[in-house]
Amino acid sequence: MSIAAEQLPAPRRFDLSARAVAAARHHLLTLFAILALVYLLLPIAVVVAFSFNDPVGRFNFTWGSFTLDNWANPFGFPDLRGAVVLSLEIAALSSIAATILGTLIALALVRYHFRGRGATNLLIFLPMASPEIVMGSSLLTLFLNYSIPLGFATILIAHIMFNISYVVVTVRARLAGHDRHLEEAAMDLFATPWATFYRVTLPLIAPGVLAAGLLAFALSVDDFVITYLVSGSDQTFPLFVWGAARVAVPPQINVIGTMVFAAALVLMFLNIAFQWRRSPKGAA
Amino acid sequence: MNFFHRHRALVPYLLLLPGLAWLALFFVVPMYYLGYTSLQAGDLFSGYTFAWAWDNYSDAFTLYRGHFIRSLEYAGVATLAAFLISYPLAYWIAFRGGRWKNFLLLLVIAPFFVTYLIRTLAWKTILADQGFVVDALRTLHLVGEDGRLLATTTAVVAGITYNFLPFMALPLYVSLEQIDKRLIEAAQDLYASRVKAFLRVTFPLSLPGVFAGTLLTFIPAAGDFINAELLGTPRQLMIGNVIQSQFKEVANYPQAAALSFVLMAGIVIAVLLYARAVGSERVTAGTAA
Amino acid sequence: GGDGIEGQETTTGEAAGTTTVSQELADQLVIANWTFYIDINEKTKKRPTLEQFKRDTGVSVRYIEEVNDNEEWFGKYQAQLKAGDDIGRDIVVLSDWMVARMIKLGYLQKKDKSAIPNEENLQDALKSPGWDPNRDYSLPWQSGLTGIAYNKKTIGKVTTMDQLLTDPKLKGKVTFLTEMPDTMGLLIAAQGGDPENVTDEAFDSAISALQDAVDSGQIRRFTGNDYVEDLASGNVWAAMAWSGDVAAGIDNPNIEFTVVDTGSHIWTDNMLIPNGGDVFTASTFMNYVYDPVKAAQIAAYIYYVTPVKGAEDQIAQFDETAVGNPLIFPTEEMLSKTFIFDADAADKAEYKEKFQAVIGA
Amino acid sequence: MAVEERSETGRVTRGREVADIRLERVTKRFDDVVAVDDVSLAIERGSFFALLGPSGCGKTTTLRMIGGFEEPTGGAIFLGDADVTGLPPYKRDVNTVFQSYALFPHLSIFENVAFGLRRRGQRGDPLKRRVEEMLELVALPGLGKRKPGQLSGGQQQRVALARALVNSPQVLLLDEPLGALDLKLRKQMQLELKRIQNDVGITFVHVTHDQEEAMTMADQIAVMNAGRIEQLGSPDELYERPRTAFVASFLGASNLLRGRAAGEGVVRLEDGTEVRVPAAALAGRTGPVAVGIRPEKIRLAAGESNMLEGVIAERSYIGVSTQYIAQTGTGSITVYAQNTDHGPSGLAAGDRVTLSWSPESTFVVDALEEERR
Amino acid sequence: MAVEERSETGRVTRGREVADIRLERVTKRFDDVVAVDDVSLAIERGSFFALLGPSGCGKTTTLRMIGGFEEPTGGAIFLGDADVTGLPPYKRDVNTVFQSYALFPHLSIFENVAFGLRRRGQRGDPLKRRVEEMLELVALPGLGKRKPGQLSGGQQQRVALARALVNSPQVLLLDEPLGALDLKLRKQMQLELKRIQNDVGITFVHVTHDQEEAMTMADQIAVMNAGRIEQLGSPDELYERPRTAFVASFLGASNLLRGRAAGEGVVRLEDGTEVRVPAAALAGRTGPVAVGIRPEKIRLAAGESNMLEGVIAERSYIGVSTQYIAQTGTGSITVYAQNTDHGPSGLAAGDRVTLSWSPESTFVVDALEEERR
């Protein structure tokens, strides 16, 4: 029946005006989206640009001239190094702790049926739905009431607290995508509960846990409000920026900001590439 | 190991225990102390003691009503603006992004990776009275000769919008992305034009994302103080500024706690109502992308 | 500490002879101070005075520019100080009225006077303030004037408070200070009141003028040191300002500082030793900067009024132009236009509340 | 037989006044895949037409081009007499029942069904009556208030049907509408679909990869393979006279025996046995061919003119019939014997049997390499 | 018939030495749902046992209790002679093929198959040989390096099978292992599963809701309904002698006619017709009953001792056979006639016919309210 023949590009008619309108609409949306992206990225461009600024005078917000000095000497500003180091310490510790605690909760939520799910979900959700200023101030009142000295420990406590929820949500999303029967299959194949956990569960959730850990790390590095309230005399990087903002923001801050941004981008890219590699069809 | 098998019902609780205990200890208990502190009376020199000092609350409502209202206004407008900006953007990425989806999404959340304060300071640079944006607007006569952007309500709201935009865009994207494209085809099959198909099908189906995004934008926006501090004037100060200064500058802890408590209570009530209506798991699901 | 001036070598130096533990120098001294309040080498970002101190004594200094506003600083550490915790600072520099409060609250330690023979160089006028008659706790760091800084290119000359409050050309281009004694002192004086003995009426009338200026949008912000940035960037054309900032902090020849004819505030910031600080090392440092040469070196850089006698004679070696500069060595004529703000009023809760309500936070 | 005259392939010229849908040399290319390859097709008004084929053969793509969801790369599509090639879906008088139903989850059943009517401006009582009528037709009265999520698979399927039918389209397109249902429900819905088509009398184009479904429901079936139509005809024509091995094996089980044409109506198998076939079936073929016999047409006894000797290798009971696999000189042959009597009957593994079948039950296709797995 | 003695429900005492799995009065309750209700069951060593039933009847739950993934609320489970009721899955010599396969996505095919062996301490060459042997058995040699995501559904299914079989369990549990496959692949895998079971000779317990699948594959079938076993027996026994209307209609089509017992081996239908049934089938019943006849057992002609007059209402061609629906005095009756000859045969709609069938082809079940839809 099907006659093997050359494809004759049969004449096609279409409504020209309708097409023009459709095309315009199509591109209108694209244009808008691109403008929105510009809006999102403009400040970042400014941050990056001014990391190369050689400011006239003390203030890094009018363009002086191009220089690499700031990059050559990113910590060339008193106390900046200490603040960055403290931020990284807090972020590392809090993200590790929150990742462990949050992953356990996510495991329970996804893999088990138990009474009190609703309450648990609520408790997970509330910190995400609370203004930071309230969380920070309530923690501060707690610490004040018990005369707990403010500093490293209190910052760490707060960061773990607000990171847990994000970890739970991230890991849960990852876990929910997996077959509930995988662990049963492992047990069926003579794996003890412990073997089941580290041979099956852990490898499966590892990407999600990693993602959650990175998210927690990022949130921790970025947090200002809560830290500001519970930090006492210790100074994290955002607090340093806050202090500097009231006086003169040195270009080194832009350098650090750019570095953090670049590092995060690289990690995200790796993550996307990793996902692509795992699912050859490219469906991430 | 047999213990776990035999007491399987216990396992979830053992998993939950450490994390939830942490949240209970450092999220729930502090809320109690916030309430407790808010009823204290005294002054800096003699110290504050518990005294059922309800006047902290009446002060919160009388002295700072303006700040509360302003916070809600700004957060509302910023939420709306974030919605109007991010909906087309999320739609575009979800439906037109193709293989670039992940990359475009990355661009949307990219601002997250530059410290909040640095981002806001960058806006200060961009919007400066002598900056190129204002210059351009002046040339276009969109602002007057001595008009400005920085230190205006516009700047504060724009800053809030900007800073919380990803919170709106992400859930929107997730919900749009999840829409079965065949539903839109089905609508077109049933004589709905593109616009109608959007209004009757796409938009209603993206509502969970709209709700989640609204919540996740509005709540932090209502408690924000950085944008008002850096981009505004005393006339733009929000309740967040009051709370932080009462805590950190005036050291009037009871007053600050009462203000926090009112803010929190209002938000919790709203969230609970909302979570009840939509389902808490669905609300939180919006945040995972 | 900052940038590689960490000291590891053990202390030798002049204090070695004394034996008691408290007479031993610590490895590190932590100083919390206001911004732009010490000499700095713009190239190396190192601070010559502190470098020398380290060379001379072996004590490295961690110098933190964290004071932007007395209240803010106090609020940050109040909880810890109250609890008796070590806030990790050996010296902090705060204004007179705040010192009074800190003494009253018992947050301070007495200086080791035996380690400060140079205290005799203190200007006589400053030797016995009401709140610390024997200078047991405090030693002035610098004094300064609060006046008006303005951009003569954009606004011409601004010399009166009235102009700041009402000139329509300055709408949204003016900043005031968050320090109540500064802002309210100048306002009360401008309205003809006596800022050295504040009355409720005078205060209220000044407050309402301020409120009007806020409501009308005249005042852009209330600031600490940060007005400097706005002034330099052109966002602000006139600001209530501290004398030294303009001379040393802004590389813009168009920005000028002026005292206000109706009365400018003269104030003093003091070195203090908070609880938990190392008294002997702190006192050693105080002694060090009370050497007229060192004092001149600092003053030549920051352009505030130095409280150290003899510094004037030494300043030429650091900065020719500083010689006789009225900002560092105020003339009698200038001093006649100044007042010292009422110390009791400065810390009066009722006034503070009213002031806070106006500045909005 | 009345069959022969009904089939007509290639360019369809007859009956243009009754052809409801016409595809003329339609091709669809996705990047490097040719999903539909130069397909011409005419579907009669009021008929139940099935597109049958394995996964990925281009059925859905063909349907989507008719519906307007894809534009052909080449060729033209006509509905009635109008060329609709460039028209968007909402301007075509065609409705679709999607494989996944694609019910609007946020709308009630009533609103789902009313959707198309509302878009066309119908309101108020007439709309209400029409929708309820339609819900009745699909046997779902009173469920209008529910949401799709609250219905079972079969009910959802019927809603999807009602939603399409309510618009009284010229043509209804169904893309594997029963694919997601379980066997029992599926059978039931097949009957119901057929009933509804009888009632409303509009053209149904039904895509499926289930040959049983196609055969029970359709008047005409097009068997597609790799983007092309391999054969088009009525169910019995396709079943009894498949033109290719692909069609033969896609529509039910068949025994294909290799051989060579050996004169008028005779094929010699590889082991030398001669098989008689209808002269028309062999028409003009020479060289290697394959003869085909459906398992149910073979008797486990002598009696017909084609015969093979063999041994029963396997017997399995499948309810309606018993399936025997017999080992013969030309390979294993499957035979179905209907269980007309009570209890497992007759032969057991190891028994010798004679298989026989009539020449009329035999068809001939081109010899192919074995196509297994 | 050899059938009768084989079936035995309730407490199974016979053949304990060959019973591989024994459930004794097992009940499973989830909160307020009774998923499995007092089920007793014995499964012979080496047999292919099917659990058949509609969705939600408790099949999976039963299987999971055997596998150790759920603990029974009451009753006991024996594997061989050992009571395993409280034992965790990894201590049971039982392996499961999950409906969704549950292949470990992060492990290669080889490692998936090797998983169980490794857990039991096997290493090195023997392990390697064993795994490869098994991949050969399921016809997947050389794919060991791939990840599960890179295999097709049918291949994944076979990996799941290999992963379970490689451990040489006493019992293999299969939970709708073919549910996700398409029809053709499904048929093919059915054969393959059956072949493998023949080869390895271990006990298979197969859960399905597809009666055709159960009938082609299993030696014994338990038909479950609402947590209980309705009937247990061989496929032909269940098909030919269903004990309830549920079983009758769940295993293929059947005509059920209402009537009343009217003496030894006779049922009087509603319209007065008398139908002869095997005496044993009626055994002791009085009052309303229903008689059942399978469509393929009815002849479209007189000749058998049970007869009904009717008119052909509908005829549809389904390839292997033609389905007739005849209107009679007691309702419509479905008849299958195998298409043993070429072309559409015999009767058309409207023709009058006599339907007849033998008493042996008739079964009796309790009268029920109509169960439609």
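Order of writing sets the chain letters: A, B, C, D and E. Residues in each chain are counted from 1.
Going forward, contacts are C-beta pairs under 8 Å (C-beta built on N, C-alpha and C of every residue); 3 or more make two chains touch, one makes a residue touch a chain.
The shown structure was predicted, so the numbers you read here are calculated from the model rather than taken from an experiment.
Among the remaining chains, those touching chain B as well as chain E are A, D.
Within the contact network of the assembly, the step distance from chain C to chain D comes to 2.
Among the chains in view, A has its Cα centre nearest the centre of the complete protein Cα set. With centres taken as mean Cα positions, chain E sits 91 Å from chain C. Chain A and chain E, compared by their mean Cα positions, are separated by 52 Å.
With each centre defined as the average position of its C-alpha atoms, the distance from chain A to chain B rounds to 16 Å. The mean-CA centres of chain B and chain D are about 56 angstrom from one another, to the nearest whole unit. Residues of chain B in contact with two or more other chains: 5, 128, 130, 244, 247-248. Chain A has residues 61-62, 140, 144, 192-193, 245 in contact with two or more other chains.
Among all residues of chain D, those that touch two or more other chains are 88. Contact residues on chain E toward chain D in their complex (touch as defined above): 1, 55, 182-184, 188, 209-212, 215-216, 235-236, 239-240, 251-252, 294-297, 299, 316-321, 323, 336, 338-344, 358, 360-361, 373. Those residues of chain C that touch chain A in the complex are listed here as 1-3, 35-36, 45, 62-66, 68, 76-77, 79-80, 83, 85, 87-89, 223-226, 228-229, 232-233, 249-252. Those residues of chain C lying in contact with chain B across their complex are 69, 71-72, 74-76, 78, 82, 104-105, 172, 214-215, 217, 219-222, 233-235, 349, 352, 356-361. Against chain C, the residues of chain B that register as touching in their complex are 43-45, 47, 63, 128-130, 148, 150-151, 233-235, 237, 241-242, 244-245, 247-251. Per the touch definition, chain B reaches chain D in the complex via residues 180, 182-183, 185-193, 196-197, 200-201, 204-205, 207.
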